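Below: the structure, in structure tokens.
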Amino acid sequence: MMTMEKIVYRPARDELAYTFGGRMPVAHVRSGDILEVFTEDCFGGLVRGPADFPSQVCRMPYLNPVSGPFFVEDAEPGDTLAIHLASIVPARDWGVSSTFPHFGALTSTSHTATLQPPLEERVWVYDIDRQAGIVRFQATETDHTVDLPLEAMIGTIGVAPGGMQARPTIVPDTHGGNLDTPQLRAGTTLYLGVNVHGAMLALGDGHARQGEGEACGVGVEIATTTTLAIEVIKGEPTGWPRLETDNSIMSIGCARPLEDAYRIAHHDMVGWVGALTGLETLDAYQLVSQAGRAPIGNVCDPNYTVLAAVDKALLPAPASAYAGVHDRLRQLAVGLG
Amino acid sequence: MMTMEKIVYRPARDELAYTFGGRMPVAHVRSGDILEVFTEDCFGGLVRGPADFPSQVCRMPYLNPVSGPFFVEDAEPGDTLAIHLASIVPARDWGVSSTFPHFGALTSTSHTATLQPPLEERVWVYDIDRQAGIVRFQATETDHTVDLPLEAMIGTIGVAPGGMQARPTIVPDTHGGNLDTPQLRAGTTLYLGVNVHGAMLALGDGHARQGEGEACGVGVEIATTTTLAIEVIKGEPTGWPRLETDNSIMSIGCARPLEDAYRIAHHDMVGWVGALTGLETLDAYQLVSQAGRAPIGNVCDPNYTVLAAVDKALLPAPASAYAGVHDRLRQLAVGLG
Amino acid sequence: MMTMEKIVYRPARDELAYTFGGRMPVAHVRSGDILEVFTEDCFGGLVRGPADFPSQVCRMPYLNPVSGPFFVEDAEPGDTLAIHLASIVPARDWGVSSTFPHFGALTSTSHTATLQPPLEERVWVYDIDRQAGIVRFQATETDHTVDLPLEAMIGTIGVAPGGMQARPTIVPDTHGGNLDTPQLRAGTTLYLGVNVHGAMLALGDGHARQGEGEACGVGVEIATTTTLAIEVIKGEPTGWPRLETDNSIMSIGCARPLEDAYRIAHHDMVGWVGALTGLETLDAYQLVSQAGRAPIGNVCDPNYTVLAAVDKALLPAPASAYAGVHDRLRQLAVGLG
Amino acid sequence: MMTMEKIVYRPARDELAYTFGGRMPVAHVRSGDILEVFTEDCFGGLVRGPADFPSQVCRMPYLNPVSGPFFVEDAEPGDTLAIHLASIVPARDWGVSSTFPHFGALTSTSHTATLQPPLEERVWVYDIDRQAGIVRFQATETDHTVDLPLEAMIGTIGVAPGGMQARPTIVPDTHGGNLDTPQLRAGTTLYLGVNVHGAMLALGDGHARQGEGEACGVGVEIATTTTLAIEVIKGEPTGWPRLETDNSIMSIGCARPLEDAYRIAHHDMVGWVGALTGLETLDAYQLVSQAGRAPIGNVCDPNYTVLAAVDKALLPAPASAYAGVHDRLRQLAVGLG
């Protein structure tokens, strides 16, 4: 039985981090601990109304702050860090979204560079009703409103990358980072390969919800109180980020163009399915081809994200992934409730 | 009230078509008619067991045959053809899948050309139990089996393209074609812009099911008996293929790289949402960004496909798409049952 | 010795073709013949001044007309058609270029779809001085002029594609088409695989010059009188378009994204170098990697084009490509001068 | 007149750097100084013969070492660092190239992930004759040899990126880095925007030559003695890397897919031409479209590189770029000879 401790962390403003890697830890945690973290929104809380244009109130590179990093004792390169998202609670009763000059899927960007002027910058403020589980969209030019389901998620979560790198928090890659997938919701366990001594876990960029692809480049951005249960899986490396829920396993590919993100995720999933079930590689490829889902995460960040997902019920008698850590942490998390 | 006729068509082998465009019609139908069509599988029924390698038993370009084209009376360029998929019934109690040299998402291809030898070509035969609604995967190298849900769909359906073109049936584009999305199931209405007098509708390439992206390049390929209800919507053009179900509307983008398919679909959806609801463009962009789903169709065909989908329940009081034709054809189809 | 005939062809306006494939021949030619063809510019000659906006004076799909197709006797599927460009003479003393709504490399397009309005549509008229070999750029908003070298080329040249296809002339692919590379100049021999009985050669879309990539989507568009020498190489197939000059050999890849065009061209070149020199595959890959050039053709058409080029002087004692047909036709062409 | 100093730097093995950013300077230099730097090859000098497989003798992330960083006094964010390549001399009489598992343009990779086994890993050793200016290719499977021109270049050169980042030296981006273009030869001036106090210049990864695109992923890798002249241009920022030679100006785009690298480079060039000549934006776009070249750098690194190049002779009376620094440093470099 694990002796578990609950660490509560609320960053001071000048403690917020803007890179994965290149930072000293803000706290130490141990495998089996529960971590309750306050996370700021992607704008550092500075966009609060229609007149707060992100390009004016935010200053590069101080975007997309994360809380952390947390030094995880006993985590070494070659291990895997399992991070179970126990709960993600919006910290305020509002969220914001916006367009942002030359950022997003339906605009030219710094990289898909065109000679056209940028789209108009505009801010949308959403009311959030935590009790009712509702996020209210209000149109800016007409009177329309729509109540959307509150489906809180963490946009950015990762560890320090290897090779002495420090990456902006806006980038998703093998180390996690700005994965921006709605699958990072409460009840999900995230697996990340450990690249440096102590792993150096950090997270932020909560969304009250986002569509698949995050088309306009910005979700319904919120500050959160997020509770995690973590465990170090010794001696088992993980190449690309993976997810597990009660019902499914998922691999995440991060790349441009988008088909490479698809390829990475599905290549990883074919190997994972083979390892869990004993299926030979082409048999696993065939099964994933017919049984898999491929939810898109983001089509706006420096790397796009695509997931390969397979329901456990469609796998032939799979072994437990990572020695059953998801079920273990899930139980632990339920016990917190 | 429409006077409806039921046309039954079963192609002789030499009537199968391999292009959209460039063909004479096999039958004439009218707006409001019901069409029951036998469709061959993508291998022309020639792959029946593990020794029937597609690259040997099939001869290019005689792949992916479609039944048709059907001349739709009164359909003119500038109109939209609504095609409701009333039912898709597997015609045999088996389906096949395979790898195919240099085709698929996790292999080098004719276009993503590498110096590596192709993956091994292999055939999988699936038993289909229509009563139980099950498609049985059987591994080739081990004894594993898995029962997957039967989720029959039409892979290829389209009209003649404009500009005097004739396109291989393997290609998806504005005219439809090899869209290869699981969303083309019974209960769905497909909208295609009419490019030539008579529209020239054709379909084939049924799948007992496929995963999102059709990773290995081949679904669980089946012959089908497919029943359609069609209606011509006069004077309303449609740029890219669109879908409607009881619960949602969807736009389909067809392109490489995959992000362009995403962009096309979402650009079309933003315009469609704006037209149906009265939302201004950036408001529609914002709503689609938070409420939308983006199911991937295929990541193997000459053009990849991505859909933009929005639940009707998340739209503010939308007008009926295409003057309510989906509900009308849905009712008609239910009446057939 | 070949008995050579010179065929002169000047299309009437309603003889212009807008597809490769799906057309009846306008004339018959034989291997060894000389063909002198008048070609219209990509706008059909309708854009003659700053007020002639292409989107207004041209009507889709009547863009990019070609002259032909010419039925080449004795050309059969599996053969290669060698087409030597003996001379390309501007037919008028002016050329035009333009921006075009949502077309070009530095704008959003129909496929790289964004919500931004299109760039302004504008026409540039160039004076052409054939004697001096000069194309004069004149700015529209200021008084600047620049004399650029006249480097006449053919943008679009191809044969009928296989598989009963008819493709718009705007598309480059295995059959040739809108290759849009400055390498298609006088002195170059183009090799195209024959897909249908008679090959069905056609050409058009001359440019007085263009930059690599044709960034704005439009070259300095001209009508031309183009003289070709053709020869059928029996029993030797060609997969992707290839070029030969006195000094180099080149393979052309046509695809999206641009790296696939690069891959196709270089994969083909590695094989070609191996076949000509006897180098083993990885040795040929290594040599091409260090000795090769990779000129970009277009980054605006439905498929982008990249070439792989290697100087003959950097190949170890190569056999003559296609049994020396380039030298033979070159001599023939010089004899015409 | 500048008082110039010559700094000579030869790194000890444990001084080699593997990131841009995140490092302390190895020396301080001033605007106007001459810097003579020994650079190791991309394998750290460990691959010396056919049995030295890079994947075995090198250990990640210790690949692609650079010498530096050099702290440039007076260089501040918002300035531009001009680096003139005075000479690049191979330090040994041999160079090496190789294939490398899942790296290169004609193989599946970690990101273009497929289920195929990697290409065979193989090493090629080249003799270099500095006097004759020759690099000798020797085939491994046959007796063929070819003498290629020695065209020494620097593959990797850059400054520290902004935003507290540390990037692996293998990555090209706005800060320079692994640009891998043959244009980085003696006689060229490179302009890089300064992101941090002191700029933190570093370089390495010499090539005796490489083809455009570096198809196999590896040039003819050499150690070098490279001489640079540097100057800080105060108060003039530079977004993407730019080059100037006696005859032309060039912008470098770094991105995936390759068309985005093309777009970035050409977008930057249109702006640069406009600024130098006074041409309005669309006029500059038009001129670049007809006069420009687009040499490909690499199609194998984490970001691909494409250049936009325009001959000065084809620009209408341009102002000197960066106040004539190229001519000044060029003179200085000639004086060193």
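Structural remarks
Think of it as A, B, C and D in the order they're written, each chain with its own count starting at 1.
Going forward, contacts are C-beta pairs under 8 Å (C-beta built on N, C-alpha and C of every residue); 3 or more make two chains touch, one makes a residue touch a chain.
Everything quoted here is computed from the prediction, not taken from an experiment.
Steps from chain B to chain D, taking the shortest chain of touch contacts, total 1.
Contacts with chain A and chain D are shared by B, C. With B-C and C-D as the two chain pairs, more C-beta contacts join C-D. Chain D has its Cα centroid 33 Å from the Cα centroid of chain C.
If you average the Cα atoms of chain A and of chain C, the two centres end up 48 Å apart.
Rounded to a whole number, the gap between the C-alpha centres of chain B and chain C is 35 angstrom.
For chain D, the set of residues touching two or more other chains reads 106, 112-115, 119, 256-257, 263, 266-267, 270, 282, 285. Considering their complex, residues 106-108, 112-119, 257 of chain B touch chain D.
Chain C contributes residues 97, 99, 105-106, 119-120, 122, 124, 135, 137, 139-142, 144-146, 148, 209-220, 256-259, 262-263, 266-267, 270, 277-280, 282-283, 285-296, 299, 304, 306, 314-317 to its touches with chain D in the complex. The touching residues of chain D, counted against chain A in their complex, run 18-19, 21-22, 60-61, 110-115, 162-168, 253, 255-257, 260, 263-264, 266-268, 270, 281-282, 285.
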